[in-house]
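In the two complexes below, chain A is the common chain; its partner is chain B in one and chain C in the other.
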Partner chain A sequence: MKQVNIPSGANLAQLYRDLQPDYPKFFKMDVVSKLGFLLTEMLVAGEAGRFQPRQDRAVLVFSRQGCLANDTHYAATMADFPSPALFVYTLPNIVSGEIAIRNKYAGETSAYVLESYNKDTMWELVRQAFQDRITQSAIVAWIDCPTDTQWTAEAFLVNRNDL
Partner chain B sequence: MEQLINEIKLKVIEALNLEGMTPQDIEDTAPLFGDEGLGLDSIDVLELIVLLEKNYGIRLATPADGKAVFTSIATMASYVQAHRTK
Partner chain C sequence: MKKVYCIGCGVVTPVGDTPKGVFQAVREGRSALCLHPGFPEPFFASLMPRDCTAPGTLFDHMVKEAAAAAVKEAGIDASSPRTGLILSSIKGNVEMLGHGSADVSLAVQARRLAQALGVTTAPVVVSNACISGLAALVQGMRMIQGGQFDQVIVAGCEVQSRFIVTGFQSLKALSLQACRPFDEARDGLNLGEAAAAMVLSSQPMTPMTLGEIGFSSSRTKNNFPQPWELVSGCIRNDANHISGPSRTGEGSYNALQYVLEDARPEALAFVNVHGTATRYNDEMEAIALGRAGLEKLPVNALKGIFGHTMGAAGILESIVSMQALEAGVVLPTKGYENLGVSVPVNVSAQERPAQGSQFIKLLSGFGGVNGALLFQKGGAL
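Up next is the complex of A and B:
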């Protein structure tokens, strides 16, 4: 099972440039989606058939804070001109959608907000995602961002036979 | 007008997080939307509407106005020059 992580406080713009994904929308994303995007790039770069539409790959993202950092930024703009660009990231499941859109994954996508990092709960939910007989692999990520510069971000590429 | 065009380019780059882009990278008359221009989307339009109101006191009355105003940086500048209240 392939595993990657991004250290807290890493320069995400530089990491984007290093990976060269040519996806300018990255710069408009909130920090949670940026981390999800980059983690996935690190997991699947060079994979055969990349960008071919597929239904057999799920995306499951877990966190404790959801999109709280972005929510805080958006709330600050409400006193003046509420920012549409920030508003669109005020849902914790946007990150799983961004990953699916980028990679043309049309399988299960979900985001879970847990009370704390709980490996047993997470893997039980991953196992449930594989019960649909369609899913053959999944991007599974823990992305927790109390602020724009502090996070825990790790991801796994899980195949059916890993379970 | 040239100064206003440059100012609007800087504000657009900042508002839309066009990382690594400079005013020189944006042609005055290049389309803002579609494959040939900056490739902006519908959320970006909303940010541009906020930009006009916040910086120039311009409130667009109807969405149809936006289509003409946001054709290019040059059309934005012409509209700002004619309608700005601050």
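Up next is the complex of A and C:
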């Protein structure tokens, strides 16, 4: 099972330039989606058949606080001109959608919030996701991001036969 | 594969706090949708009274009431290590943001709900945009079918706030009148507040209701005279856009296709669609239904009664749909008058007789996510 992580506080713009995804929408994303996007690039860059639309790969994201950092940014705009660009990132599952759009993953996308980083709980939920009879592999990400500069961000590429 | 049954339901809405009462309200077209002063722009929504004196937040109170009612009907031991809990919500207590309160965390809400119900296993929060409630039911099915739990309490709740209202206003998604699902004059959605809960179980009855109380006497008091089965559920992404539905209905179509493989076409009574009454959502759903060959099947939407109750919608609208099929009806789509989508789906403002024992619940949400869930009346008994 392939595993990657992005150290807390890393320079995400530099990481983007190093990975060269050529995907300018990246710069509109909140920090959670940026992390999910980059983690997935690290996992699947060079994979055969990449960008072929597929339903057999799920995207399962886990966090402790959803998208709290961006929630705070959106809330700061409410009094004057509420920002639609920030509001759309105030949902914990948007990162899974960004990964699906980038990679043409038309399979399941799900988002879970757990009170603590409990690997047993997370992997039980991942195993259960494979009850979907089409799902053969999954991007599994734990992204917890209380502020724009502090996070835990790691991801796994899991195949059905890894479980 | 183990079968999964719904053995208890609970609801808290502005139009009633029992499944039967809410069903009656829908049947009679009673809605709490009205214009509210906003922040500062006014908005049209279905909101709970703000006179709740119970301890904790309104969210705490609503979700606990709904879940406790479902647990009571099911007669399960909430404290058993074989009982799981899933909370479905998009924004929880987001209005507490910036007040330094832990209440803003969905995970903390879930823990508090577990404590209130006496649940001893670790709760899981499903926060999958507007399909959260349906996704939480699918997750509950998986926990039972995978053998993790014998019964799972699935509770969804959404409370509206300045945060959510101004956000939807900024997206220009809200209508300033009662929403009109699938109508040619539809111009946006209404937000709504509700809590709804189901207890899912691997057994059509609990041992207590079967053995100690007796089948016929206990079930007649309950919301459903016979067990309901959750047959098949599926979640699919459009892989298209984070805030706009697919022009081809890709994710909804794929989710429908998945559950239709487990359906009996002659038994399908209706599809209870998302039907938010935005231009794009309803058009997308009509395209998906047409592609799935469901153009002639009756469809209905309940947002004209409840508004969009977000994290509660999948559970609330499923409970109301189960009640409808028990009563042998396809509920009316309040607000609908003239077809305003490009595929002539079978939607009506009038109540119609239902034929069949199955229905599909369909939902879509931001992040390009879509879900379908197949329900069946009767189960194995």
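What we mean here is this: the second predicted complex is superposed on the first by the 163 of 163 C-alpha atoms of A that agree within 3 Å, B and C clash if a C-alpha of one lies under 4 Å from a C-alpha of the other, contacts with A are read in each partner's own complex, and residues count from 1 in each chain.
One rule holds for everything that comes next: a residue touches a chain if its C-beta (ideal position, glycine included) is under 8 Å from a C-beta of that chain, and two chains touch if they have at least 3 such contacts.
No experiment lies behind these values; they were computed from the predicted model shown.
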First (chain B), second (chain C), both or neither touched by A:M42: neither
Which of chain B and chain C A:Q65 touches, first, second, both or neither: second
Contacts of A:P24 with chain B and chain C, given as first, second, both or neither: first
Residue contacts with chain A in the superposition, chain B compared against chain C: C
Chain B versus chain C as contact partner of A:V4, first or second or both or neither: neither
Partner chain in contact with A:Q131 - chain B first, chain C second, else both or neither: second
Touched partner set for A:A13, first chain B, second chain C, both or neither: first
First, second, both or neither for A:P84, with chain B first and chain C second: both
Common interface residues of chain A - those touching chain B in one complex and chain C in the other: 81, 83-84, 88
Interfacial residue positions of chain A with respect to chain B in the complex: 13, 24, 27-28, 80-81, 83-85, 88
Chain C contact footprint on chain A (complex, rising order): 53, 55, 59, 64-66, 68, 71-72, 74-75, 78, 81-84, 87-88, 90-94, 96-98, 100-101, 103-115, 118, 121, 124-125, 127-129, 131-132, 134
Footprint of chain A on chain C - complex, ascending: 39, 90-91, 94, 97-98, 104-108, 110-111, 122-129, 135, 139, 142-143, 145-146, 148, 162-163, 166-171, 234-243, 250-251, 254, 258, 365-369
Chain B - residues contacting chain A, complex: 15-19, 39, 43-44, 46-47, 50, 53-54
